[in-house]
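Presented below are the structures under discussion, each in the form of structure tokens.
Shared between the two complexes below is chain A, which has chain B as its partner in the first and chain C in the second.
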Partner chain A sequence: MRLYTTSALPLVLGGALGLGAGAAAAADLEFYFPVGVNAPAVATIDELTSEWAAQNPEHTIKPVYAGNYEETTTKALTAAAAGNPPQVAVLLAIDIFTLVEEDVIVAISDIATTPEDEAWMDSFFPGFMKDARFEGKTYAIPFQRSTPVFYYNKDAFRAAGLDPEDPPETWDEMIEMGKKLTVKDANGNVTQWGTRIPNLGLAGAWMFGGLVVSKGDVLSADSGTEVSIDSPASIASLEFLLELAEEEVMAPGGISWGDTPKAFLEGQAASIWTSTGNLAFINENADFDWGVGFLPGGDGPGAPAGGGNLYVFKDATDEERAAAIDFMKFMTSPENAARWSIATGYVAPRPDAWELPIMQEYVAELPQARVALEQLPYAEREFATFQRAKVTQFLVEAIESVVTGDADPAAAVEAAQEKADDVLGDYR
Partner chain B sequence: MTADMSRGLNRIALSTVALVLAAVWGLPFLYSVWTAFHPEKFSANFQWNAPLTLANFAEAWQAAPFALYFLNTLILITIVLVANLILCTLVAYAFVRYRFRWAGLLFSLVMVQLLISPEILIVENYNTLNTIGMIDTIVGITLPYLTSAFGIFLLRQTFLTVPKSLDEAAQIEGAGAWRVLWTVYVPLAKPVYLAYGLVSISFHWNNFLWPLIVTNSPEVRPVTVGLSVFATVESGVEWSLVNAATLMTTAPLIVAFLIFQRQFVANFMRAGIK
Partner chain C sequence: MNKRLPIGLAFVLLVLPCSLLVAFTHYPALRALANSFWNNGSSRRPSKFVGWDNYRAMMEDDRLAQVLANSAIYALGTVPLAIGLAIGMALLVNSKLPATGLMRLSFFMPTMLPMVAVANIWLFFYAPGIGLASQILSVFGLPPINFLGSTDTSLASMMVVAVWKEAGLFMIFYLAALQAVPANLKDAARLEGAGHVRVFFDVVLPLLRPTTIFVAVNALINAFRLVDHIIVMTRGGPNNSSALLLYYIYEVTFAHRDFAYGATLTVLMVVILGAMAAVQFWILDRKAHYQ
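Moving on, here comes the complex of A and B:
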């Protein structure tokens, strides 16, 4: 029974080892991480951090599981306010503006300045770096990144007389094929819907961002102070969601994120739009032939990037910062990015990881995993602004009021735009 | 229609309502039991002959150091409960038995705390704990909860119902303030203590955000933090795993309630008959 942790112990231990190692300055890192996908992800994090610690005996690292994304951000901000932040944390990519505004993180490009460091920061997919940068500086390193893809039931495609190797690529095709995929019983009740796009809550806003990208627009700008919620692309995307319900391709009303993979596995939806984070789960549980394709697009392919990045906190000493950079390099090395990707379904954020034998083997076994990589060039940043929680809520309300039939698209987005401009005006 | 008949009808109607309400409350629980003991495939597919399994429990148990978490929760709720019972009793007793300057104001200050949700104070409490070096300790988690405005209020109201004559009789027998508290007030408030104990235990058993934020080490974290590993937002929710873990972590509470329920109800009955 231990009521008090002896937090001094690792410090003393680390100090002693540091002395033994000689020149290298010792640092004790705390690393906050959330769990967004399956529970075994925690074990992989523990494995990776202890490997780093074994390779760098002068340093210590303590991985701290901090709940889901939101809770991890709350915990990190609370600790930072008390002057006790972690040195490194995995937080949502879209939280960059909040973290900059709270002045708790340090620009990585300010502390990692050697040519070697720069090469490291350039080694990631540009699609994942867009939301890691702000005002010309790099504030984050991609780590657990995901993007939604189109999962479809090939058996259902065959039953509907569709080519199982040719999933819909455009919205029109989605509606046309979806009509054939919707199955009703003798009483006229739908037993299988053509598709399922989550449209409620934050996940709904994330998916919606992808629709807008495919119509050639992005919901928020790199500055974090401009949004274009009331664009024609936005209205067209909402109309597409309504049309899916009208044509009986998709269930009318609100559609939740959490139940979507289940609906797919149980045959209630012939196709779903959801994160690559579900690959492993669906692969394990599907008892039918399934495939993955690009998200069908309005004017072309388009998807939102999502997930979490690694941040370095400001309150760290120079030694801690150097150790933090070294730790992040280790976590995002091609080998470890590949391991993390295979264990979780996150998209390995750098091209060279995909060339490794273990990754090649994984893709050969699960070719569906490759689709996210191919779709990546068409991915844009997720909706992110200053005062993100508040501003995103305006967008969420607009989408929800339209899909539940309480408002028409043009009016809803106009109201959301106005409210967002009100809040963001102070930041321009 | 005779009075007898309408009474019979009333009873049937009441029973029906009771049954429906019981089902509404019971179904989610039954569902979680169903999914916990079946493979994921059957989590929304109710076949009477679906294979039973304990694999979910085994997998959940291994996903986090639950034995350690259980011990921590136990220590945590014990500290809180003991401190609450002692402190709230003493404060309530003082408010009831002694006339002192500002008593009304002080009591309303205590009441005002009921309006403040503990979440608002997280940053401030974290700061305090950090200053005194108690981040990441079990005692640190309990510190803001050692006394309770609700407990003080509840006990004060109960003590007020104790007949003054009992108190005076005890004094005539030569009992001091402590003795009066212990032999007159506390025994009469027993049902309230039981009820408060249950509420307090279940609240602190379920408390999640505060312990998550002030702790970093598995050595001091409670079960709820272990449970949250299964709330996987980005991928689909694996109901059988989640429910196995949930049943596992709530089982001690459910068992405790079943054991104490008889005494709990019996106490209320006695209090009512008096």
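Moving on, here comes the complex of A and C:
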């Protein structure tokens, strides 16, 4: 099923926008995208964009790999400030408040107004649309959406005398099983840690958000102006991280995001908490039997939704906006959502993609891919506020100061809460 | 004697360099100064004149205090280390040992690599448990060190990367200077009964002084100017333990979009660098012996 034929769309949209003579006007699009995981993402993006360009010979598109998520946002905002933004970009879902405040993006629901457009915007999982909407408008379209899952080495589980089909579900089980999974050499040095939860930087804050969700709380409100960093759930989550290190289940100190899949593949960590976007990379490179489970939770399952959405920039002309919408529909069509999901491990953001034969086949072959989808109902939005980068930094500092032993949990979260309230006070 | 240029031609010749200097140095500096007295506006919060507020915030900024302390340690640590290592390497490749050509190449290699590539190499080197450093430690039965994940080691790890990258370039300057040291001075000293060490410290080192001052000025500037490896490797973390002043300015300005406070920090950086330049030129005038 092709959603749209190529030449009709600008006409339809042009009419909808009241543009009158909406001929198939040519548009040159620039498309920024980040890569935050170890996946052949660039190749797949290139493939998808050139297919779209081939189907729409009147348009051109230039995909620009712009670094990791934070760098891509920085680059897009700086380009916008200089008057030369991309027309379309994949940026963090949580950057919606920053993008709205900087007034650089246009609400998709303002430029895509036909019933078909509305049906398109309603075709995604509601959980992924939650952080794409603000003040009643839809500002973004889910694209590379992810959630962290628990990857574990079944061979290591067997070696430790644990049931490889029964991964830990709670924090207590994680600590109990983790102790058995940690292996030391003759000198008493650890050669295999029980688990590995990244705790540094933005990714560390993302993982931390999941811990808090599993304790029945969320770090930020939908308004983007309220945070609850100093909650009992936060303190409990930090204490859990400290306990993992004390019980020698996890390496003490800061743990980086980037090395995590490698540590798993090299057998240095028996289990890891990382994005479902790393699924394809691990599947390709693991030379052992591995499984995927829900993230072990405090009071129940819990995870943060994460990843990036597609945004359209305000500076784009009407022709470019129309072409951008068409491009986004192409990228998020059930077939392409499925292809993107299979190539990377990102969660295809619409239910109908999961029903396609290629997706069914893929899941039958790699049942691990389904876990993220099943965990989705327990996922809450990622920590997002106005002044996102600045406010997240307070949270990051709190987490980092606790895991490196510089501060105790209660004092750290209290300081972060105070600083966040200080910044967000202006927005309330 | 030189012929005097007509005043008109002199003016014409000066226009281009002066306009570049104004456009890319003076104007931005003055603009930063002006911006530092305004707060940061956006579509939801208009910008307004706030006087000294940004500077007051700067005085109370705990993070800035740590960043400045880090920058001071970083500069004081990397500059002498890079200079010492550069002199050592220059002496080595200037000696009559075999394979000095290969040594020159391998010492100079890190300088030719872009900082981002260097940072990625070291990222792999430092990775606890899987990196080369851990593997070397494990040969000796030592536990892996979490170089980048611990507040005790992250800044020192960044300094090692900087020294590794920079020493090769400075070695080239020292090598040139060493080859310009007149042999008869060394011979004369030896005739007087001076040993190798004495010759080095009393004859060679004083003659290297102009090079040392030049290298020290450059190393100090680089210590404030080069933060690519911080961005790639630690993003200033954990808990700001490896954040340097320029990285902080980058983060505040471009990631946090706080242009007003970024401008305030820029003014601070200009003042610091200006003060250092003044001190260095004062030393340069007094101590350098050019022939």
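Criterion: the second predicted complex is superposed on the first by the 399 of 428 C-alpha atoms of A that agree within 3 Å, B and C clash if a C-alpha of one lies under 4 Å from a C-alpha of the other, contacts with A are read in each partner's own complex, and residues count from 1 in each chain.
Throughout what follows, contacts are C-beta pairs under 8 Å (C-beta built on N, C-alpha and C of every residue); 3 or more make two chains touch, one makes a residue touch a chain.
Here the structure is a predicted model, which is why all the values come from computation and not from measurement.
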Partner chain(s) touched by A:Gly345 [first = chain B, second = chain C, both, neither]: first
First, second, both or neither for A:Val190, with chain B first and chain C second: second
First, second, both or neither for A:Gly253, with chain B first and chain C second: second
Partner chain in contact with A:Thr74 - chain B first, chain C second, else both or neither: both
Partner chain in contact with A:Gly277 - chain B first, chain C second, else both or neither: first
Touched partner set for A:Gln360, first chain B, second chain C, both or neither: neither
Partner chain in contact with A:Gln55 - chain B first, chain C second, else both or neither: neither
On chain A, positions contacted by chain B and by chain C: 74, 78, 258-259, 262, 266
In the complex with chain B, residue positions of chain A that touch it: 1-5, 7, 30, 35-40, 42, 62, 64-69, 71, 74-75, 78-79, 81-84, 146, 257-262, 266, 274-275, 277-278, 280-282, 285, 287, 307, 345
Residues of chain A touching chain C in the complex: 70, 73-74, 77-78, 98, 100-103, 185, 187-191, 193, 200-201, 251-256, 258-259, 262-263, 266, 268, 386-387, 389-390, 393, 396-397, 400-401, 403-404, 406, 426-427
Residues of chain B touching chain A in the complex: 40-41, 43-45, 63-64, 71, 75, 122-123, 126-127, 130, 135-139, 209, 212-213, 216-217, 219-220, 225, 228-239, 241
Chain A contact footprint on chain C (complex, rising order): 42-45, 123, 127-130, 138, 141-144, 146, 148-151, 154, 235, 237-241, 251, 254-258
